[in-house]
Every structure is written in C-alpha cells, then in structure tokens.
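A, B, C and D label the chains in the order they appear, each numbered from 1.
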Amino acid sequence: MVDLSVDCGGLRLANPVMPASGTFSHELADIIDFDRLGALVTKTITPERRLGNPTPRVAEVSGGMLNSIGIPSKGAAQFVAEVIPLYAAFTAPLIVSISANTPDEFAELCRKVTVPGVAAIEVNISCPNLEDDGRAFAMRPHTTLQVMQKLRAATDLPLWAKLTPNTGEIPEVAAAAEAGGADALVVANTILAMSVDIRTRRPTLGKVMGGLSGPAVKPIVLRMAYQCVRSVGIPVIGCGGIMTAEDAVEYLFVGCQAVQVGTATFLHAGAMLDVIDGLEAFCRDAGIERVSEIIGTLSSSAEDGGMVWEAIA
Amino acid sequence: MVDLSVDCGGLRLANPVMPASGTFSHELADIIDFDRLGALVTKTITPERRLGNPTPRVAEVSGGMLNSIGIPSKGAAQFVAEVIPLYAAFTAPLIVSISANTPDEFAELCRKVTVPGVAAIEVNISCPNLEDDGRAFAMRPHTTLQVMQKLRAATDLPLWAKLTPNTGEIPEVAAAAEAGGADALVVANTILAMSVDIRTRRPTLGKVMGGLSGPAVKPIVLRMAYQCVRSVGIPVIGCGGIMTAEDAVEYLFVGCQAVQVGTATFLHAGAMLDVIDGLEAFCRDAGIERVSEIIGTLSSSAEDGGMVWEAIA
Amino acid sequence: MIEAAVPTQSATPDRMPATEFDAEVLCNDPVNEEYNLMAVSVPERATGAVPGQFFHLLCPQKDALQPFFRRPMSVYRIEPEARRLSFLYKVTGTGTRAMAAMKAGETFNMLGPLGIGFSLPADAAPIVVLARGVGLATMAPLIPFARSRGHRVTAILSARTPDLLMSVDEMRRDGADVLTVTDLQGTSDVEIVEDMLHMLYGKLRLGGVYVCGSNRLMLAAQRVARRLDLFGEVALEQQMACGLGMCFCCVRPFREDDGVVHRRVCREGPVFPLLEAMQW
Amino acid sequence: MIEAAVPTQSATPDRMPATEFDAEVLCNDPVNEEYNLMAVSVPERATGAVPGQFFHLLCPQKDALQPFFRRPMSVYRIEPEARRLSFLYKVTGTGTRAMAAMKAGETFNMLGPLGIGFSLPADAAPIVVLARGVGLATMAPLIPFARSRGHRVTAILSARTPDLLMSVDEMRRDGADVLTVTDLQGTSDVEIVEDMLHMLYGKLRLGGVYVCGSNRLMLAAQRVARRLDLFGEVALEQQMACGLGMCFCCVRPFREDDGVVHRRVCREGPVFPLLEAMQW
C-alpha cells in the first residue's frame, strides 16, 4: 500500500487529487465515489445571482477546449443553504470557490462562506477586478496583495489563491499572494483564447473570447507551477491539462503538493479516480512508499532560474 | 484566379503566407519553390557568434512542440556576407530577423543588416533585455517603446516587431511598438513552457524551459492577434499554430494582414504551399476575388472589447 | 381530457445511473445520403435507457479527425434481450465523421444513459409525435414504448424530401399511424401540420404531443397545446461538454413563473415540458 | 595504405533531393522481442537513397498514440527494382509503437532520402563495420553496397544477448565475414573489440572502419583509427524536428581545428568523419 496522503494548504488530504472548480458538481456522485477524492471543489460562486454568458459557451480546439461559461451563480445565500449541505455526506474536505467584483465584496463573500462544512476557501482571483479596469486581480502583484489581505482578514479558514495564467509576472504574483496570506496557490485558471468558425465567420464562443483548458495548456501551466514553486514557500496545487496519472506526476516532480483535474472529467467521468490509481501504481512500481517523497524531485542540471527568456528560440 | 496579394508592413506581398523565423532556411529550397512564398524570413541572428542552448533542444507535447534552440548565430558580419546572398536568387522579399541583448546593440545590428537584398527587418523583441533584468523587451510597453525608437532611428527599411505572448499586456505592448515606429507586428513568438520526462525525472529540454509552438498555441495566439488588430493601426501578421489554410483563414478573419507558418513546416515541408493553395481554394469556393477582402471580416454580435476577463469561467 | 403535465413514474423511473463503458460496434451503415445507423453491443445496465435519453459518445481519434468532446446521441433503438443499442446519426462534422469511419468489431467508449426521457400521459390516451431531421432518431423509440403501454400513436414525420424520410416502415411495424410531410411536396408547412394536429385532437382526443427536431414544429405544437391545454414535451439539443450537469455549457432559456431561467439540456432535459421551452 | 578521409564521389553522389510521399506498408513484423522490420512500397526517386541516409517518418496518430514529430529511420534495405525500402526499427516510444501498429496496405507519409550517407575508401580496400543495437539497421545496407564496389567487408556485430543479434545470416549472404560478440558471452568488451580491429587491420590491411550504435565502440574505433591513421566514419543519432537543416535541434559537438563546432546530424550527417565525432 502506497501512502498517498499529502499536506496541502492547511489541510491533510487523503491523496493529492481533486477536481478543478467549474468542472465538478454533486451530480458526479451518481457515477464516481467522492470518498476516494483528495478534496471536493465547488464551482466558483459570486455574491449576487448571475446567469452566465451567452451560448455557445464551449468550443473544441486542437488538444483542448475553450469555455466562456461565465459564472452562473445562485448567489451566496442560496449556495450556503442548499449546496454546502449536499456535500455533508462525503468524507473528503469541501473547498468552496468564490469570486467577486471588488476586494470588499470578495471579502464579504469570504466571510459568508466561512461556515461549518467548509474546509478551505479557494479564492478565484483570476476574475475581473472592477476597481482595476476589469483586469483580473491576479494579473499584477499589487492588486493580488491588496485583495489577499482583505480576504485573509475575512476568514480563519485556509485560503487557496487561484492564479491566472494571463500575466507575464506569475512568480511575482505568486509571491504577492503568499505575502497577502494565502495558504496555498492553485496554478492556474484557463488561458484567454479564441477560435473562429470559418464557415460562419463567427467566433465559436458567444462571448468571442474564453478560457483554454485541456492537454494544450499543460506545458504552459506546468512551467508556471514550476516557477511558482520556486518563488513561494506555501504549497502549489497544479491545475492545467492533467488527463492522466503521468501528467499529475509531472506536476508533482516540479514541486506541486497536489493537483486539480478539470477538463479530463468531461471526457472520462472517472478521470480523477484513474489519476489516483495511476499515481499509486507509479509509486508502487518505483518502490516508493509515500507519494510525498516524489514531490519536487525533478533532477536537473540546468537549475539556473535567471535568464529564462533565453530559452525561447 | 484569386488575387492573393496583400499590403503588409511597407511591402506588397504576392500572397499572405511566409515562414516563421527559425523554422526556415535556404536548405528548404531543395524541396519547395521559394518563389511561391509571400516572403522569406530568416532565423534570428545576434551581433555576436553564439552556440545556442544545450540539447535536447526540442520535445514534443500534446498538440505541439517545445524548443529551446536558443539563437545559434554566425554573427552579423558572416550573416551579411554569406547568408543574405543565398536569397538573391529568389523573387519573394527577404525579411531578416534580428535580436540583441540591449537596445543599443539591437540598433547597431539593425544598422548592419540594412543592406541591399533585405526588404524588411523583423525585430525579435521577444528576447531578453539585459538592461531590464533579462525580461523580454516586449513584455512591457515602456521597454518596447524604448527599443523600437532606437531601432526606428537605425534603419529606413520597414520594421516588423515580433511580440512575445509571455505578457499580460499584449494590446498595450502592441500600441507601444506602433508608437515606437513599427511598420507591422508579428504576433507572436513561442509561449514559455516545459515538460518532464517522468521516466528520467528530468525536464525534456536541456534548458528546462522553452517555447511552445504548434496547434496547441493557436487559440491563444489568435486571441492575441485579434486584440492587437483592435489596438493598432499597422498590419498584424499572425503567427502561432497555423497548420492548414483553415487556420490561416481564422487569422485573416480576425484581421491579420498576413500569416507566418512555423512548426507546420517541420511536419510537412510543403505546408506553406498547402496553405497558399488552400487559401486560394477557400476564396474561389466562396466566390471571393481578392484575399484581402476577407481580412478582418469576423462577424460578431459580442464586439464589446471591455471586460474580457468575464469570459473566463 | 388528460391531466396535463403529470409525468407518470412509468416513463421516468428512478434515474438509471449512467456508466462509462466500451461498446462493440455491430454494424454501422448509411441509411441514406446523410444518416448512418450504428448498432452496438453494450453491458446490460446500459439497456435500461428510456426513450428521450442519450448517450455521450467518445468518438475515436483518427489521423485527420480529432474530436475532443464527447458527442451526445439519442438512443434510437433499445433491445435489452440482445444487449444492443442503436443510434441513428447524421454525418456532420469531426465527431460524426470519425464515428462513421468505425467498422464492426471496433470498440467505442460511451457514457450513459443520460438525461431525462419522455413522460407519458397518465392514462393510455393517444399521443402524437412530431419529428423532423435528427428529431426522428430521438422520437423513434417513443413509439414502441408508448404502444407497449397502451397508447395509440400517430407520428407526423417531416423532411426536406421523401428520400430523407426514415423509419417510416419501422414505425408502422411498431404500431404507429405514420403521416409524412415534405418540403418538396409542399406538405410540411407549419400551418398544414398545425391543422393536422387539430384534426387529430378532434378525432382521437389526444393526450399528449411530442416534438423534436424543428423550431417551427415546436412553435406549432406549442400553439396547439396552449390552445387545447394539451400535455406536451419537446426534446431539445444544445452543445455539450460534460453531459452530466457539471459544466453549464448546455443551458437553454425556459419560461418559469413569468421569468426566464436557464436549464441544462443534459440534466434537466433533453426532454422538457413543451410550453416552457423558448424558441431558438 | 589508403589515402585516409577522402570520400569518393561514388558513395555520396549529388545529393538526391528529398521528397515527401505516401508509402504503402507491404509488411511489418517483429524480428525479435525488440525490433520490427517494415517494408514499404515507394516512388522511384526514393529508392535513390544511399546507405547511411535516413527517411523522416510521419507515424500515424492513433487514439492513444499521438506522436507529433516525424521520426528519423535509417534505410535498412534498398530495392530499387521492386521500388521497395525497408526499415528495421526498435519499438520504443510513441512513434515507433504507432508504427508497429500499422498493417500491410495502410499508407504512411515519409520525407527523404535525407542526410549524408557513407563514403567508401578510394580503392577497393577491405573495410570493417562495427554495429550494436540500432546501429545495425544503419550499417546493414553498407554491406551489399561496399561489396558491390569490390570491398571485402568484415562485420562485427555486438548485442546484449545472442537472441538480439540480427541480420547475421543476411550479412553473410551479402558477402560479409560476420563476427558476433555479446555481453552475455562476455565477448563484447571494448578491449576485445579493439584487439579484433588490430588483428583485422594486420591481416587484411583495412582501408576503413565504420561504426554505429555505441559510444564505447566509437571510442574504440577512434583509438584504432588514430593509431593506424585509418579512414573511418561514424553514423550518429540525435533527436530531430525538421530533418532538413532548418531548426538546429539536432546539433552535436565536433572537433574542428582544435575547437569545438556544432553540426547538424540531419544535414552535415548522420554520417560523420570518425575522428571528429565527440563522445556522448
């Protein structure tokens, strides 16, 4: 028996595999056993009710998908009253994902979801900050720091900051999130992208642009996770294009403490369980007793962090 | 006969299809007819001789490739003396790609390659600027403006600025390049990424991180090209993941004046010619006489540019 | 007249939990220029599917065809004894072309049954089924199902041309009265179909109307149902990613209490109360 | 003794321009636990390949196997009359596994012939060929080629176990004297091989030594060649993207004028002057 448990952002998880926000809901319990997961992560909610974006909301592209679901939200009150109790029956810790338009509304929502049954709060700071011209909070270090400090003051629960990949300063943003009080980082949300249906000449998404996820993003997000691991002391949870246990192992090798699986679940409802089984098999085959032993064990002769841009041809 | 010619950054091109820098060399003339191409673009050169990065320098990932070739360079003098003449025999205009470590060296090199036989200079400002901590020039608007002004002063040839996708501010950088005197933008270079060989626990590239190209990047770079088109008045040349004529049409629809084909040529030596033939067929089938008529004709009900981050779920 | 909009437990029993399984292709052949019929061998529990439900198919990746998402397909025929399901599908884009390239003996991953199937009126009242195009695949299994529960079934099938009408003989064998209308013959106008519905209602005392595959047919059915206070259901399509209710990409707007709400086609549908659906 | 290092025009004639073409698989079967042999039918000009050159193969994409790059493979057998080429390949990763899954009749895109092939010494001096593992595939066609030009050929084949020795009979049929050494029998130590080379040199007045597939064998051959001032070539491997000299991913370091230079295996190689190659 391989010990799959890991410490992650204030929690001890039975294993390092959990869903990515927005790609999971209680309905999946019809098909897979939630008690096998490392944690449960809900779709981001906002303070107010929202409908979400126009359809089409998804499109497939080479090696991945675009989505512009937006955040259809029941609002905080209904979420606390109706959704949180749905998860009471499961043993895996519940992580609630939240988002809001301004730092103060964000903090207020954070307070509202600090209720029994919630093990940690994932703050989706990849969403637009109306006070910064609609730029995502996590696009810049200073806005990240500001919102994280307000969120930190609003709850005693572990805070996981979900970063956006749509920035040129991911290590600096990661450090700012840590400085603002994050207990872990989730790296990362989807990458802003688009595609065009050349038959209709229209964007394939009703909203024109949307977020890319799936295998196509893995090398990009893995690089960001690696950079974040090297710039903070808190755990990094890797999230981007994990389809198999091998993908998860890549994230663990670069130093992630846990992983989130998103798009893969749309292709195979049992994808997370397959990743868990595969991780166990990988360790067993390699004679490793605890999965935590492989975390951050990338061997590399070129560990120089500077001048990474040289890497690009 | 469809008229495929386009005006692009100070040049009139016979068609909008050309190679991406670093994925093309005179050796390809053994296999394809260069006179059918819209332009010829050389691998980036630097002022000094360089060996490039350690091997492995490429790796394949889902839907694309990583490269950390670096810029093995013969240096400017040998390039001007030996390489430029190799292209004299071809009718398509020659675009020379250059790069350097500081704005002044960059400008100096720009001056050196302003020689007969060169139709335009592509300035690869996606490379590290030693005066900005090794960040790429095109990561920020102010460093972009600064280097572009120096380059502009150094040559009368058309200047094409090649932007990096590794920034959160592509529209602002695009505007800065225009303000600094660029005649066209090439959007974009490769996206910083990595992968790990889980059997060896080592990064698949000798340099750890490298640039992602190929189909996987298309939705991201297409989005950036679309944003740049909307933020500048100069032509935008789309470059990222173009494998087929359909991909090129997507770039033209969002407003690109021309396209560069990179990775595709590694899979099919004749990829650029297939794109040209496919573009012609596309226009013919749609009853379009001039390819320039389809440029920027994306039809969209959701043309609001603000708040694009809402698009991300 | 029937108590409208009271689905019976018979038609939507406890939701059969979906499973993911590999199905073996038994045959996969064109039925006309546009449509193929594929029969697959499936595990027993998958045959618990009811009419109106769908399976989410992971079409194979072949060199040039690389569908990413699964593709939703209504179950067209359910044969529990033979552990066989059939799909009638239009060869359209990447996924269905990859599907069409499959040969007998190959296997193919499916998830299902998914969604909510059709409800039948509470007593054995006659029903009428309106289908056009792809809608036919969705409606076909309702006929033997309703017949086996004692409902008289009239099917009005609409198509561009008579060639594209499918399953007419089969539906007759299954015990339906089949009426066909086509654009080519000028018989498919909604006004004509609306008149047919009124006539059928008068003649048979219809207890339910079911529609799939055409916005205009749906609107016609809605007008009739509203006027006659008739129970009705519509099966709707929307692009799907997860098929399980998680991603919210498949929402459509519905009328509810004078407001508009979004419902997920994969979870609250694909079969919805006729009068709540909004045109597209 | 032969004038060393003077490649004749016979071995590397004008570079045959490469073409991209679809080849039909004629057969594709395991030859032992690790290697498969594939024969393909090709257009005439592709049969102009010379020993040491390679083709760049676009392995098919199958559901689970999605190789992105082409894969370089030495031409193992060239049969111009039959318009047939063969490849002997080790089933290793994604690309070669996808290749191994191909059946007779399927087609498969190739680019080639590429690179620089072997040179023969200027007169018909005897040569010795050293190959291990994959190197055997590269070396095999040199034997009939050199024999047909009047060179006596001795082949020293090295492998982990006798089971993994391939083409021994074939090389004998082609007219080579074949010596085999294996790790299992303890006969493959470089010292032993080095002694064999010395002995052969003494006995036959060797005019050239050719090596492929092992760093240690290459170093041994270099020592012998340096000591005896013997012409030699080595065929090297490096990962390739374009295969055409454009991307510079396939460089390896070489000694040149007391300095180290990078050369592209796909363009300046894969066959290089033995003494210039550096160990890896």
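Note that in this section a contact is a pair of C-beta atoms (placed from the backbone, for glycine too) under 8 Å apart; a residue touches a chain by one contact, two chains touch by 3 or more.
This is a predicted model, so every value here is computed, not measured.
Asker: Chains in contact with chain C and with chain D: which ones?
Answerer: In this structure, no chain contacts chain D and also chain C.
Asker: Report the inter-centroid distance (CA atoms only) between chain B and chain D in whole Å.
Answerer: 37
Asker: For chain B and chain C, let me know how many angstrom lie between their CA-based centres, rounded off.
Answerer: 49
Asker: Measure off the straight-line distance from the CA centroid of chain A to the CA centroid of chain B, and report it in whole Å.
Answerer: 32
Asker: Return the residues of chain D touching two or more other chains; collapse runs of consecutive numbers into ranges.
Answerer: Counting only residues that touch two or more other chains, chain D contributes 66.
Asker: Mind pulling the residue numbers of chain A that touch at least two other chains?
Answerer: 22, 61-64, 67, 69
Asker: Take each protein chain as a node, join two nodes whenever their chains touch, and name the resulting shape: line, ring, star, complete or other.
Answerer: ring
Asker: Can you identify all of the chain pairs that touch?
Answerer: In this structure, the chains touch in these pairs: A-B, A-C, B-D, C-D.
Asker: Going by the contact rule set out above, which residues of chain A touch chain C in the complex?
Answerer: Residue positions touching the partner: 22-25, 27-28, 30-31, 43, 51-52, 55-58, 60-65, 67, 69, 72, 214, 265-270.
Asker: Touching chain C in the complex: which residues of chain D?
Answerer: Contacts found on chain D: 60-63, 66.
Asker: Where on chain D is chain B touching in the complex?
Answerer: By the definition above, chain D touches chain B via 15, 17-20, 58, 66-70, 109, 111, 238-239, 241-249, 251-252, 262, 267.
Asker: For the complex, give me every residue of chain A touching chain B.
Answerer: Against chain B, the touching part of chain A is residues 22, 44, 53-54, 61-64, 66-71, 126-128, 134-136, 139-140, 164, 166-169, 189-196, 198, 200-203, 205-212, 215-220, 222-223, 226, 241, 246, 249-250, 253-254, 282, 297-303, 306-313.
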